[in-house]
Amino acid sequence: MRTAMNRREFLRTAAMTGGALAAATAAGSPRPAAAAGTVNWLAWGGHVEPQGIKSFFDASGIRVNHVGMSGNAETFAKLKLSGANQYDLFEADGLWPVRYHQEGLIEPIQLDSIPNVAKNMYPEFKKIPALQVSGGAMLMVPWGWKNKIKTAPTSYEVLLDKKYKGHVGFSDQHEFLWPVAAYLLGYDPFKMNKEQLNRAKDVLIQIKRNAPTISKGWNEQLRLYVEETVWIGLSSPGRALTIQSSSGPAMGWERPKEGYVGWIDGDMLVKGSPNRDASLAWLNHIHSPEYVATNFQRLQRGSVNRAGVELLKSRGMGEMVRANLMDQPEMALQMRLIEAPANQDEYAAAWNEVLAAS
Amino acid sequence: MSARLEERATGTERGLLWGLLPVAVVQVGLFAAPMAIMFLYSFWTTRNFQIVPTFTLDNYRAFFESWTYPRVLLRTLGTALVITAATLVLAYPLAYFIVRYTRRWQKVLLAAVILSFWTSGLLRAYAWMAVLGHGGIINKGLRALGLIDAPLPFLLYSPFSVVLVMTYFSLPFAVVAIYSSLEKMDWALLDAAGDLGARPLRAFWHVTLPLTLPGVVSAAALTFVPLVGMFFVPLLVGGPTSVMIAPLIANQMQAFQLGLGAAMSFIVALIVLAALALPWRYLDLEWLER
Amino acid sequence: MARRLLIGYGVLGFIFLYLPIAFLVLFSFNDNIIPSLPFRGFTLQWYRELGFDFVLHDALYNSLVIAGITTVTSTVIGTLAAFPLVRCTFAFKRATQAMMIVPMVIPHFLMGVALLLFFAFLRLPLSRLTVVLGHVVFTLPFAILIVSTRLYGFDRSLERAAGDLGANPARVFWHVTLPLILPGVIGAALFVFTLSMDEFLITFFVSGQKGTLTMYIWSLLKDGIAPRVNALASVLLAASFVLLLVGGWLLDRGAASRSAQGRTP
């Protein structure tokens, strides 16, 4: 009799303890501010808000050391060459985290352990299937998203039209250009073999000949659109409005009939990082509505942050928010996410040929 | 007494030679060794972000077999030659002006030349984009004067803009080089030529130019060689057909194509060494005898 | 006639040299987010933004540290090497002098690629140290050259006189030689410092997680809208100008002290 009760009691105590522990983890560590430290953050330059870094430092004493990244493949190569433990937190788009996970470079994150994420993120983004691991942890904490589509007419073919020579936008973001060629030729953008890459390469060279230059970032692209050097190109919804509000011409956009890709970018935690707590604290900070809103006001990119969206609407940026489809998170889950091709070497060689061609 | 002095002199001389040790360490450790490693890597390949350290000539084969890579290299060399020529033609008169026609202001002007190339190169290239672009001062100015209707397309994002901006970058260096050569010239010779009845142009062609030729040749070599490695200028102001060898190799490295990148770099290194060796006779002591 | 043409050309030449720089300064005060005309109005906003751009401050700090270490290293090693190169005769002297020049003119991207592979081979992680190493190797020849130039015109009878008066070589160096070549050494130091601060390509290949000023400028040019770039350029220009003034003044003092002793510079 005593044993049985003891066992039941024991189980109850165990359950309560377990529950308490779970609850404690779910609530997240309280303001992990105590330890000053550093977070080495490899991220897109557009995600950096100088004011946000300062306010974070004032509140927690943690310095965020930001290093710019230029592309997913480039970042992967850099980390393979000089080691991932130079950084604590770094970013990637689409399904690249899967590749990083395969290589054992990152550690999955419990989204609910980060208060601002738990509270503010659209639920749809918390459960992207391809990015989930066992136990519901995510490989990446999503931060922003964009549909990469065109401006105006309905097919990618218009980019090849000689009529637009010298006025077509062409960027150095090769991961978004391969899909254009692939869709035109009817291939899978991320699974092209050498033959298909060869043909895709020719398509891209043709488009390149229609372009005034190879632009290297949104800053330059915006200037080209505003100056009316470039009339048509790949972009995201909402950019049209940005161009207009920078005293540029009125523009429209369309989803090409062949299909389109998009990205969801976010942050990943490096496995075995010594600044783990500081990194999670920083993640918490960049998901605060203030940070998100300030960044959107500066750069207008889609956000996964519902509280941020509400804040922006309350500041009168409703039109921009709608133009960027930010209050329609389900759209993000309908696009084809970019991923890492298995034959990265062949893609790299083909891209070199595109660059070198005259 | 004097014998002892001489002895002391050679004693310290031998002591001084040790001063060459640190620089030798730097040259070997940070220059020769990396070049050797690069040479080594050029015989290795990479598969899927992993280095495959087995000896192979595949990288060099890939370079020569493709039509594109050698073409980019030739494009780079050709453009570099054009820029060098333009730079020398523009720099010589400017150096001449500073040497001959400025006495009080000479130091200031020289300093101004040097100051211009102490400003960050990236930012100066960026400024050129603003000047040459569709909304830039040249286009806006010409339109305001009514000389053109639409912005001139070739000003920016063309071979023209690459040559213009790279010439701009090479100019200060060439001016200083030619200046030092002109300064050492014995101007009395020029006066003598005048006395003998030669008109200024003849005097220049037959007296000044030959005397300063070594300076010009070394200026040419020292201008050409860095131009082969032009990187951010073609990226910022060049058109889609102006991709040069250096950004292409950088792309290789960023895509983890280390073997191919190393092989292409090594080929460029050979060309650079050849370009330096050719005017060898004029190069070494020219500078040191200022 | 030729004279007037040349003078006109000279003026045009200097305008050409300074045209883009003038625009940088102009746009830094322009109340327009895109760097182009029209001039919308005067503002100091971009300069203020520089004030609280903490990523910039970190990058600037890193660049200063790197440039500082590079300057000391290159100047010391360069001075040590200048003496034997100028005063000693030894086999292969010309060859050695030529070898000195190569790292000075070799394209920086070549050096960057080679160094990157070298550090990867040694499994040396990229850091401020690797950047310093990269900067030292290409600035060293400049330091050697500048100090050598100073040494060449040096009148050794002063040293001999000191030796005659009983000073050992070390004292001669410290009290006679060094003060007289000091302007050259400082000139070399200033030059190396500027070269290191402005270096882009080598830093691009071998820098790690500590961003530098040039890397920061590069990322500003590519990503995001950043009118404060122009303000930054103007500030850097002013700083270079001050450095140049200081350097020039020091060199002038050196020349003056030498001519005061009756030597022609």
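In order of appearance the chains are A, B and C, and numbering begins at 1 in each one.
Simple rule for what comes next: contacts are C-beta pairs under 8 Å (C-beta built on N, C-alpha and C of every residue); 3 or more make two chains touch, one makes a residue touch a chain.
Everything numeric in this text was worked out from a predicted model, so none of it was measured.
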Between A-B and B-C, the pair joined by more C-beta contacts: B-C
Chain whose mean Cα position lies farthest from subunit B: A
Gap in Å, rounded to a whole number, between the CA centres of subunit B and subunit A: 40
Rounded Å distance, subunit B centre to subunit C centre (Cα mean): 17
Per-residue multi-chain contacts in subunit B, two or more chains: 133, 135, 236, 253, 258
Contacts with 2+ other chains: residues of subunit C: 34, 36, 116, 120, 218, 221
Residues of subunit A engaged with two or more neighbouring chains: 70, 81, 216, 223, 226-227
Contact footprint of subunit A on subunit B as seen in their complex: 46-49, 66, 68-69, 71-72, 75, 133-135, 151, 153, 156-157, 235-236, 238-241, 243, 247-248, 251-258, 260
Interfacial residue positions of subunit C with respect to subunit A in the complex: 33-34, 36, 49, 52-56, 58, 116, 119-120, 125-126, 208-211, 215, 218-226
Contacting residues of subunit C [partner subunit B, same complex]: 2-3, 6-7, 9-10, 13-14, 16-21, 23-24, 27, 34-37, 76-78, 80-88, 90, 94, 96-103, 105-111, 113-118, 120-121, 133-134, 136-137, 140, 144-145, 148-149, 152, 160, 163-164, 169, 194, 198, 200-201, 204-205, 214, 217-218, 221, 229, 232-233, 236-237, 240-241, 243-244, 248
Of subunit A, residues touching subunit C in the complex: 40, 42, 44-46, 48, 50-51, 53-54, 57, 63, 65-68, 70, 81-83, 86-87, 216-220, 222-223, 226-227, 246-247, 298-299
Contacting residues of subunit A [partner subunit B, same complex]: 70-71, 73-74, 76-78, 80-81, 166, 170, 208-209, 211-214, 216, 223, 226-229, 344-345, 348-349, 351-353, 355-358
